[in-house]
Amino acid sequence: MTPKTRQDASSSLATPSFQIDRVVSELRTLRLRSLEDRQRRDRPPKLPSRKILVGIADGLRAVLFPNRLGLPDLTDESVDYYVGHMLDVTLRDLLVQVRRELRFVSGLEATSNAGIADREQAAAIIRAFAKRLPHVRSLLESDIQAAYEGDPAARSIDEVLVCYPGITAITHYRLAHELHCLGAPLIARMISEIAHSATGIEIHPGAKIGGSFFIDHGTGVVIGETAIIGEHVRLYQAVTLGAKRFPVDEHGALVKGNLRHPIVEDDVVIYAGATILGRITIGRGSTIGGNVWLTRSVPPGSNVSQAQTRNEVFDQGAGI
Amino acid sequence: MTPKTRQDASSSLATPSFQIDRVVSELRTLRLRSLEDRQRRDRPPKLPSRKILVGIADGLRAVLFPNRLGLPDLTDESVDYYVGHMLDVTLRDLLVQVRRELRFVSGLEATSNAGIADREQAAAIIRAFAKRLPHVRSLLESDIQAAYEGDPAARSIDEVLVCYPGITAITHYRLAHELHCLGAPLIARMISEIAHSATGIEIHPGAKIGGSFFIDHGTGVVIGETAIIGEHVRLYQAVTLGAKRFPVDEHGALVKGNLRHPIVEDDVVIYAGATILGRITIGRGSTIGGNVWLTRSVPPGSNVSQAQTRNEVFDQGAGI
Amino acid sequence: MTPKTRQDASSSLATPSFQIDRVVSELRTLRLRSLEDRQRRDRPPKLPSRKILVGIADGLRAVLFPNRLGLPDLTDESVDYYVGHMLDVTLRDLLVQVRRELRFVSGLEATSNAGIADREQAAAIIRAFAKRLPHVRSLLESDIQAAYEGDPAARSIDEVLVCYPGITAITHYRLAHELHCLGAPLIARMISEIAHSATGIEIHPGAKIGGSFFIDHGTGVVIGETAIIGEHVRLYQAVTLGAKRFPVDEHGALVKGNLRHPIVEDDVVIYAGATILGRITIGRGSTIGGNVWLTRSVPPGSNVSQAQTRNEVFDQGAGI
Amino acid sequence: MTPKTRQDASSSLATPSFQIDRVVSELRTLRLRSLEDRQRRDRPPKLPSRKILVGIADGLRAVLFPNRLGLPDLTDESVDYYVGHMLDVTLRDLLVQVRRELRFVSGLEATSNAGIADREQAAAIIRAFAKRLPHVRSLLESDIQAAYEGDPAARSIDEVLVCYPGITAITHYRLAHELHCLGAPLIARMISEIAHSATGIEIHPGAKIGGSFFIDHGTGVVIGETAIIGEHVRLYQAVTLGAKRFPVDEHGALVKGNLRHPIVEDDVVIYAGATILGRITIGRGSTIGGNVWLTRSVPPGSNVSQAQTRNEVFDQGAGI
Amino acid sequence: MTPKTRQDASSSLATPSFQIDRVVSELRTLRLRSLEDRQRRDRPPKLPSRKILVGIADGLRAVLFPNRLGLPDLTDESVDYYVGHMLDVTLRDLLVQVRRELRFVSGLEATSNAGIADREQAAAIIRAFAKRLPHVRSLLESDIQAAYEGDPAARSIDEVLVCYPGITAITHYRLAHELHCLGAPLIARMISEIAHSATGIEIHPGAKIGGSFFIDHGTGVVIGETAIIGEHVRLYQAVTLGAKRFPVDEHGALVKGNLRHPIVEDDVVIYAGATILGRITIGRGSTIGGNVWLTRSVPPGSNVSQAQTRNEVFDQGAGI
Amino acid sequence: MTPKTRQDASSSLATPSFQIDRVVSELRTLRLRSLEDRQRRDRPPKLPSRKILVGIADGLRAVLFPNRLGLPDLTDESVDYYVGHMLDVTLRDLLVQVRRELRFVSGLEATSNAGIADREQAAAIIRAFAKRLPHVRSLLESDIQAAYEGDPAARSIDEVLVCYPGITAITHYRLAHELHCLGAPLIARMISEIAHSATGIEIHPGAKIGGSFFIDHGTGVVIGETAIIGEHVRLYQAVTLGAKRFPVDEHGALVKGNLRHPIVEDDVVIYAGATILGRITIGRGSTIGGNVWLTRSVPPGSNVSQAQTRNEVFDQGAGI
């Protein structure tokens, strides 16, 4: 790697030199400085892998709905073998990822004695997670039923399961929520973002959402970390359940983790584009119209809509 | 699989047990109950495969634009062999999926005599679909031309074809629409959702859309099942052509399939974020401004815009 | 391929004929006509490949952040080998794509003498691009820091890098912007669209964006070709920095390339759904509220918000 | 595809023409003539797929030895799910291949009523085959034990299973032999040839071979269709158990299927390179030396060796 | 990459250092010395890729026998599209490899003007090769027929094509032989070695072999570069048609390329293990027995066999 | 999994039941019994993976010859990055496999404290192995040179490296031999068998072989565990360097590990099919003729050949 050799080569027609050595060296300097800034000089921590989590999420969906989202040719005598095998493989993959998260958070390395401790802790998380899967499936059945009942274009329960992006987003959310509560919030967030990328629907895994939940169309929906949603709630595309403002502490840094997103009670419908901000409560059975901007609580049975006539200005015949 | 063995194993350090047996058993119980509820106890029907439909959609796009979306090195003497071969492979894959949909709808199994009937019916659908492909290509050429003419950032026709998410969404829609009309609405919906996931643009395959159609940027666009769109219509991101309300029958169930989405006549432009709801008509040559909320018909040549000044409140210098 | 053979086959039960010959022939006619219309009769030009660009973008992200986005097991002694090797492979792949773009634009073929010219030109672009990578990494570090400081839900710098769609979109943008400036605007656009598809965030590679830029949630964000954004700017989902209108020349054709998108100065925050159109300036330190529609400049320190009370109409108890 | 277009292209520098049309046409003529010669004009029959059979053979080996040849991380609670799932998938793949063989032999097509008949027949073969798998595993355990005991270089039972080409060949043979006996001789032969390619050992699936069989090194071993081998027989590389001559009928055509290969009784050892031809019997407990050429029966306890001294000619000091 | 950093890391428990730097440096020294020894210091030449040639050989076999070795579901209307497309793709891949060989031999680089010359030369080779494919198919049909007629275990023509390693080896040979004669001997050799690895049969592509050639079992067969084989010749496993000795020139270096392998006339049968060495002639219609060692010519109709009785020594009852 | 359900299903036309439950249960019984017999009841040990070792062997060959067996487009500035990166990845993969072997041999599990011990031991093996790689490359260069000089058909050094199966086998052997000596004999054996399967050449990794070693053609060559081969030795196909007999101890069990294979001194040539058995010495510079059977030592300069005339029996004109 003497500079001599490189310059010779770069003058040749045949093989253009890109001066890789220099770029590698500059990137190393930046990387080391960045690690130092974050006191990570010695051991850059290993993070969970998004690619593997994509496979894990697919595996869990196949476990929950083997005939629809798993293999197409399963028979009565084979379906349980498939479910058991997929469960085993997927949980073991998840175990590896959870250990990565635990170590990342603790800053400890795999080879020390702590390595055995995080193994035990991760195994406990996985075991508890596995136990929750039947509960997750029950909730998802109620969601699918809600979608079928709530969309005039839906022809069958099965179509809803395989076609509706809202169902994909809710499935990822329900799995991620369990992991969030059991102590793997980073993996939970990553699983949630996988669905966000595929559907345009972002549900923070920390949100609490009751059964029979339906999101139609869905692109642009954002549901924040501390939002609470009751049962039989329906949302349309581009609805935001967000925070109104972010309080800062005396040093000007954000206060993290306070309750800052809306509570939506049972049987509420929120139409497309509505923006609901802050720790307010939308009372049971309310309807929030499209594009409404709402920052204070409304009592049960409210019907909030944008004043339609005012924002249509007719200027017939003219170009824009 | 005696419980004994399992408990022994779970007490070992080496191999954490996840109590798979119990989860498998609980999931089976839920699955059987769900099948019973839907009178599907004996034979869970096989659905079309989203993964295979992704490949089919790619194959059809390659057939329509072999030099741009197929292989990069095709020559004059080889391009027709490529098109013919891709067409053959793709149509046969599609045949299998259409048969799955037909059987799923009819509830009949593949092995009975009906299996031969659905084969004939599926083959007829595929044959009719193949015949429509040149028509689809003609329409898409007009769409691409419209995009090129409508976007100042577009530098060439080819760039539009390979870069613009709107073109991807319209291509999937035009293919899906043919399948929807020919009797494969579930596959049509699944193909449409594949584009929705990739582009954030949702066009129901039941909608009727004329030539020279252009969607710019596109994220968040929703076009409903019974919408009708004329020629030379242009849409921007986050435009909704939706239903205003969903009528229910005397039992409170949704009435499915009624005409509930807008009619947009020729030469209409609808700017970003506009929401147009119900079976209303936007007259030929109209312009609908950004963020407008519109629920009644407007005559040809209308120019509807949000009253801009009103919703800007200046509060100079203050924090939010 | 005599018609005889084909008809015989189509009457057989076993192998349904799809009349491929006819479809192939009609598609060829359309294709030739389309090439003629665009004076491309002889040699349909070869375009860069989106699929390969996906791999190149991943490779460049791995080069910039090898421990987080590259291989998980890199050690101190191996990381530079990895970076150097990935850089070499990725730049050579990019070289091939840039040559395709140069030839596509010039209309010249690879085998002529011009082929060597475009090779030199492409190599110069790649060399200059490689030199910019450390700068790109520096900017991205400031963006990641801004995200961490701006989102109360963010727990660590690393989580931001692997989880946040805004960071993905900005990374693709920053790489694409360099290529745009160096003379490969088509490839730049394609890389930008790859991020658009994954995140719902569309940033035109021509835009100029300063450091410490943060987009939260992000779905539906559109940033136009001539937009200029300062340092420490924060955007939320569905914000549009667009053009107000498109001037046409005397023949009615769009004037391409004029300055038509907003200038956003340092330390501006723009909340979800705000639409900012035209070559206006948002003064330093301003805050633009959610859903605001803004088409004229505002001075530094402005605080623009939608008049909230007016568009909430309470109609308690009634159906929508 | 007019000749005009092609010739133009071939004169261009850019895209060399290979006159594909002419080659395709000549190959079609040959293909049709060949089909006619074999009275297969209308429907070229579909054969089992070697590639899929490779996967099936791997799947069956994993079913038989899940911890060694299946997944490395199976636990007590998961191994049966894995075995059951692999068995299901593999048997269903095999079912498809067996149906292909049955139809190929009968000359009938899948869509006729006979299609259902072959389905029943194939399912019966698979069911019977599955029932034999535990028996096959028992035999293979005896073979592995024999290898361990017979080779001074073998350090453990597990090493024998994963390292020894002889075990690979015998495993394929034992699976293929069951299929041969149950009515799928073509698939059996193909599975046998897969092992032949990997090991250089050719065992015809029609041969009958007792337990505790060991082939060391193995390259070049050939065991013919009607050979019979007892228990505890050991073979070294390049041993042939072949036919002496092939009788022809009155038309000069080979008589197919007669008994023409050796019978090797229990406890026989045959050293490298020995050639044993014809329907002769090697009596129990005999030893056949290396390179021996044997065409007549030998009684139990025989010890046959090549006369060594005679074929060594010393010519010290001279070049060859 | 300072030594400091490395030693620190190697003392850590977590990440074992392998002293990669030192190994890389030593290997570089060896590589440069080796290149210098061969006057290749500046530009190590690029060789054809074995992996790509595997795909090319498979593609050519599919072109020759599309229904058997190509796709299983081809119909009358699709088979020619498949053949034409595969031919196009495969020939273009082969073109790239042939150019590599031409440049490797000439020592010239791709970018110089000579690059265009080798492109023309390679295209001429491919064109001539394509023209020969129908002839190759005709020869292979005669080979398959010979195998069917010569093996009592063969049940059908199709079984021979998909099962017999001899046919695989001869197919690769016949394709390689054409390339050898047309000026691509290195690629020819590599294709031949691919079959050698899969079948244990080594046929040098320079050998000349007439139609209706059959090799049964085949493992260990070696046919040398200058061998000439007539029509209707049959060989069994482990037959060698080799050179007797290698003449050296006055400097002691091997004389390359002289005629040194046997001529085998029509209708000869050579049984397993026979070794035939030197430029001798086996006269028409002769039979050479198993294990025979032959170094002089035999007249037509000869019947040469090993004296069997002499090399069997019976020593009944004794251990070896 | 009640028997009821299964029988119902098996009587249905649609989904043939294969009685998987029964097969799974019988296989479990066999598996448990087998584990008990070998006192492995609790923890079936994990073995190295052949599939991963295939990749490791390819990686090591690429490290040794990056321009020929690695990437085709490496430049002067990139080759060391490639070598360093491949080395890192390959050695870390190998580390995992070596740990598996160490644990398998010791019977200890990964999670215990011993897990850290085996990690240290494995790392020491890998470090020592890495250090030997330049030495291995030097030896291989001498082997390649010997092949080039010894085969009149070889046209270039590079052709020898990419074409000759003998070189493949020797490369695997030389790598495996280092691992064998460093304490990973099982992995060594598996790497050796990978080459055996690809080339038909079996070299036990325990054998000691000097530089400038050449095997021509090679199919059927067997070189035993305790063989010693000098420098400049040449072997042809089907040569065996084997053991004459296997001594047994007083219990009739094989004595393992004694010196039982030949010593071949420098400059010896052994022609095809020669069988050399037992701890004998072939003196320096000797030539052993084809098919010779040799079981006693010969002095330096010997020339041993089969008496040719005796085993050719002419029986002109008669059929066999």
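By letter and in written order, the chains are A, B, C, D, E and F; residue numbering begins at 1 in each of them.
Just so we're on the same page, a contact is a pair of C-beta atoms (placed from the backbone, for glycine too) under 8 Å apart; a residue touches a chain by one contact, two chains touch by 3 or more.
Since this is a predicted model, take the numbers as computed values, not measurements.
The most distant chain from chain B is F, comparing centres defined as mean Cα coordinates. Using mean Cα coordinates as chain centres, the one most removed from chain C is D. To fit its Cα atoms onto chain F, chain C must turn through 180 degrees, a value rounded to the nearest 5.
With centres taken as mean Cα positions, chain F sits 55 Å from chain B. Remark: chain B and chain E have CA centroids separated by 51 Å (rounded to whole angstrom). Note: centroid distance chain D to chain E, computed from Cα atoms, is 23 Å. In chain A, 13, 15, 17-21, 24, 73-75, 77-78, 80-81, 83-84, 87-88, 111, 116, 119, 200, 219-220, 238, 273, 291, 306, 310-311, 320 are the positions where the chain touches two or more neighbouring chains simultaneously.
Across the complex, chain F is touched by residues 63-64, 66-68, 72-74, 79-80, 83-84, 87-88, 91, 95, 116, 119, 123, 126-127, 130-131, 133-134, 137-138, 141, 149-155, 157-159, 162-165, 198-200, 217, 219-220, 237-238, 245, 272-273, 290-291, 306, 308, 310-320 of chain D.
Against chain F, the residues of chain C that register as touching in their complex are 71, 73-75, 77-78, 80-85, 87-89, 92. Of all residues in chain A, those touching chain F in their complex are 1, 5-6, 8-10, 15, 17-21, 24, 75-78, 80-81, 111, 116, 119. Chain contact summary for the complex, chain C toward chain B: residues 13, 16-24, 26-31, 34, 38, 44-50, 104, 185-186, 189-190, 193, 196-197, 200, 202, 204, 206, 219-220, 222, 224-225, 238, 240, 242-243, 246, 253-258, 260, 269, 271, 273, 275, 277, 287, 289, 291-295, 298-299, 301-307, 310-311, 320.
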